[in-house]
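The first chain written gets the first letter, and so on, giving A, B, C and D; residue counts start at 1 in each chain.
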Amino acid sequence: MIVILKHGVDGEKRDQLIQWLKHLGLGVHVSEGEYQTILGLIGDTARVDMDLIASLGIVDSVKRVTDPFKCCNRKFHPADTVVEVGGVKIGGGNFCMIAGPCSVESEEQIITVAKAVKAAGANILRGGAFKPRTSPYDFQGLKATGIELLKAAREATGLPIVTEIMSTNYLPLFEDVDIIQVGARNMQNFDMLRELGQLRKPILLKRGLANTLKELLMSAEYIMAGGNEQVILCERGIRTFDDYTRHTLDLAAVPMLRELTHLPVIVDPSHATGMARLVEPMALASAACGADGLIIEVHNDPLHALCDGAQSLRPEEYAVLADKVRRVREVVA
Amino acid sequence: MIVILKHGVDGEKRDQLIQWLKHLGLGVHVSEGEYQTILGLIGDTARVDMDLIASLGIVDSVKRVTDPFKCCNRKFHPADTVVEVGGVKIGGGNFCMIAGPCSVESEEQIITVAKAVKAAGANILRGGAFKPRTSPYDFQGLKATGIELLKAAREATGLPIVTEIMSTNYLPLFEDVDIIQVGARNMQNFDMLRELGQLRKPILLKRGLANTLKELLMSAEYIMAGGNEQVILCERGIRTFDDYTRHTLDLAAVPMLRELTHLPVIVDPSHATGMARLVEPMALASAACGADGLIIEVHNDPLHALCDGAQSLRPEEYAVLADKVRRVREVVA
Amino acid sequence: MIVILKHGVDGEKRDQLIQWLKHLGLGVHVSEGEYQTILGLIGDTARVDMDLIASLGIVDSVKRVTDPFKCCNRKFHPADTVVEVGGVKIGGGNFCMIAGPCSVESEEQIITVAKAVKAAGANILRGGAFKPRTSPYDFQGLKATGIELLKAAREATGLPIVTEIMSTNYLPLFEDVDIIQVGARNMQNFDMLRELGQLRKPILLKRGLANTLKELLMSAEYIMAGGNEQVILCERGIRTFDDYTRHTLDLAAVPMLRELTHLPVIVDPSHATGMARLVEPMALASAACGADGLIIEVHNDPLHALCDGAQSLRPEEYAVLADKVRRVREVVA
Amino acid sequence: MIVILKHGVDGEKRDQLIQWLKHLGLGVHVSEGEYQTILGLIGDTARVDMDLIASLGIVDSVKRVTDPFKCCNRKFHPADTVVEVGGVKIGGGNFCMIAGPCSVESEEQIITVAKAVKAAGANILRGGAFKPRTSPYDFQGLKATGIELLKAAREATGLPIVTEIMSTNYLPLFEDVDIIQVGARNMQNFDMLRELGQLRKPILLKRGLANTLKELLMSAEYIMAGGNEQVILCERGIRTFDDYTRHTLDLAAVPMLRELTHLPVIVDPSHATGMARLVEPMALASAACGADGLIIEVHNDPLHALCDGAQSLRPEEYAVLADKVRRVREVVA
């Protein structure tokens, strides 16, 4: 950590600050320039309150030199992490195609969709059992029953399953789920992240609507610090002033995250745009800029979907998309 | 709900849509204009997927006429809600002054600060026992011990206490806490909101960093739908491109919320700005635009605070602020 | 335009509003529903102040049914506009590759770069003569000399040239420029747009940092209303809370704009990201989601560029990118 | 400027960088820490491309130590600037009350409003003659006639006048205008700013919708670098995801700007919120947090205003507001 003092700072105050920093157990390397004095702090700077130091009258600014994320940092782990689940690999050049309905609605629905997306090229099945809804009066998902139906669909197709958790109270229900999804609204539910860190099961961590890439990595760090290193990151749109699409898909986050971390990075163009007709172009763009996979909503009957029908593709549309994604991947991979 | 069809839409498709809407149990009132056809939907439109209808080829746009929030809607409950706790009233013309340290650190610290803020004019004590920290490596709070120390400070001063909950697993620890705070990062932790709705205890609900006022009200609705009507809303800054302050304090939300809802609305200028020297001006501005209270960080020794020292006022600074706030209130109330 | 009145509105006030609207020369079609009254306004509603009507006590909300943009609206002009300049076509399936240095620095530099980008696959040359710089103390461009050097480079390579205008005072200097660029900061410089509408020369209109797609289209409308229909739109990143890249490239704007308008839509990944190593992935993503072209900064010696060297590719990097873009286009076109 | 090199950087590359920096005419002070090497650059660092250096492979990050704004920097000019116009002072403890209609519509209208706002406590008259409108089909202002009518209103009331310029082509028309306003959309119209810097007349510079405080100060710097030091800054709302108000009024910018610069800082609550009923609370909040003045839209007949009637106060509402503002100022000043 580097502390830049204000020009012409009083010598006594400077020495007091240095003493105080040393009392925190830090080494302090003083560099007197012509225009400013710089303190280089050495030691366990993770415990230093950067904002507090910056607020001191004699300090111009403070800068961290080392990233606060370690387990997920590519600097310390250059090779891509490959997450493996039910015979499917994600990351390290392995592209995953996760597809399925927004909500699990019935056995017939989920098995029909599962077979259709498998035929169209998907290798993992998604489906919501617990649904985060803005309104308490909206459909909240089939819950435990929904998870049972997902397992039936896995049985019928061989596809591993991913579904969202909304409270660790339900953790026992997720024991036999292949990948647990943490939704955007829970990205900084730190207690939940910590509990998921105790599992040895892949976690699909979606970026929050207003979270920076660093915050997303810090949330992955919560999981990994507990020993669970199978984290998949997911860009799904951020909140901006723009109002044509539901959210603004931040695709530059994909190459940026791939540089910062060794974890796989996938994209959810369905929730990002909220419009079925934008899913294919944004899926192709995601593949083109280096994503490790896609999670896409597919429904056999979007008009009668209980949730998010507006952004669901039909299986035949998904098959066209999947084929184009494969061909784009051949160009860029 | 109003559905506006596209100009020149095919009659057969229009009739199909009307039939489908009627099958959903809705009344449909058709109004043929010169330039467009408008369908007025009557009945339980809360269960209709607005986005799905908007995505249909023949539909131009869809508009809700009724607000999706009911319990907290001022239209249905014109009088201000007054929350009462330990003899202190909030709302309906009663201004609350919540103050205390970011984190509870020790018995001496919390009792010293509690006495100081009481002397300076605070009527409720705040203090963090469970701390939401971006990094898993940062200080996470004293947890159960922190809550015990808050109770001791209440014993010593008579001030009711408010502290943040991070997981409903800890709910038993909050049994004797006066007000439970839901932090910005958990504003859409819907399972937590629903559980808090089962209590009969005031909830201080902070606005999320990227949440609209409507979403804040829908989260209040989750709590109130369970029967817990004592909700206090709190504006604490939103995330924008601006980088001088930690967040952007959206003060126009205060009069806007007071118009939309009967619930009390308070402001947290400490977390919004992240800078002690901006707390007084923004506290005065909050009082001037009609807030029902303030929640402010005060620490007897900000330099040695374990968390957020940079934004904490000293008790003597808080006393000056409290006095000015009182005088601004006399002008505007 | 549709005006939705509040539930239970007073009949006399309703009639006053209807009279007032009729005095504005509008036809008013009244539709009395069970829960609300809707007024359908017919006639020249473009002159009606929507916000004013919405602010009236008896009005719930107001909604425009017709888009405010006409000349650039695909509804009224379904076929793609193809802009032609110096033998190069843009739009309607024709992909343009605009490349060149941020600033024109010297004759040798611009001719060297022009030859290099042409060899690498570019078909239009860009180069800044007038530079919009945040600071008055930064390099402001070679101005008139810069334009002369661009013409020399066109002479040497045959590439048409595009360069930015910062004030219509300089319009005479742009007489022999092939495409005039309006920068993001001038997207709502309405007087400039109107003057450019008097020309019969292609205008490259960049989206402003905080502008919606509708506002971008309204700015195109300013140019087209004057009779100049050769407008090329350019997405170049918007301002959001995110801080890893310089701006947030909003790629979903590409398919969305292509749906709303018949004008060509290109992307500038260099300014959007500000980082050379993100230019290739975002260029490929742009091609994948349907852009009509790319504008990319290329410099033979980025380390010594007078401006924006950090985001410039070397010619050999651009050649690799151009080849991959071609192959992605084969998949998606 | 401080350049922090990556850990374990190659010595030869480091020396090359140092040589290159010295060739730019800079002094380089090398500080070797245990974990990193820091270069302190001395000299005319304003001409150094920070982003370019940051993009080099061996560089971790770059940090400016000195602010890029000089003329408007409070560090170099601690005393408040007081702008004087027609006997009215702005800044340095002098609060200005600018009021008037959005657009000048007729002689009767502007004189009626001018007298009314003067009676209600305004000391400067505003009124739009050239109107920046998103749509080319909206009312664009009375232009030269509008300015003549403003002068007539000044004649009738003695109030100095302020009105917006949209192109420096019209500069001669503004010769006898007291304060020239630069609108939010032109905040980075650098050519215009430079021309206004040649005048010796107060400039009211509005913050752009997506501009940081630093960018606002840099735009003030463009004007002041030309020798025109009478600049008044105006916060008028920024663009965020929030959709209840037209823009998000960023009031913390007021105390922050007052710390960074000696220039007066005023607030426009009318354009920020777009709703008449939010103007009073936000005006009071502005006064409470230390603004040097307010610019507010007042119209004698908002229902028939040609522009922005929805956000205009009636004179009697303005009188109430003005009185409360005075009393809030007594508390905080």
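Definition applied: a contact is a pair of C-beta atoms (placed from the backbone, for glycine too) under 8 Å apart; a residue touches a chain by one contact, two chains touch by 3 or more.
Because the structure is predicted, anything quoted here is derived from the model rather than measured.
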*Pair exhibiting more inter-chain C-beta contacts, B-C or A-B*: A-B
*Express in whole angstrom the distance between the two chain centres, defined as the mean CA positions of chain B and chain C.*
38
*When the C-alpha atoms of chain B and chain D are each averaged to a single point, how far apart are the two points in Å?*
31
*Distance from the mean Cα position of chain B to that of chain A, given in whole angstrom*: 26
*Mark out which residues of chain D touch at least two other chains, giving numbers and ranges.*
210, 238-241, 243
*Chain adjacency by touch: line, ring, star, complete or other shape?*
complete
*Where on chain A does chain C make contact in their complex?*
210, 212-214, 238, 240-245, 248-256, 259, 272-273, 277-278, 281-282, 284-290, 324, 327-328, 331-332
*asked:* Quick check on the complex: what are the chain C residues that touch chain D?
replied: 20, 46-47, 49, 51-52, 54-56, 68, 132-139, 166-169, 185-186, 188-192, 194, 208-210, 215, 218, 221-222, 225, 238-239, 274-276, 302-303, 305-311
*Which part of chain C faces chain B closely enough to touch in the complex?*
2, 4, 27, 29, 31, 33-36, 38, 40, 42, 60-61, 63, 65-66, 239-241, 243
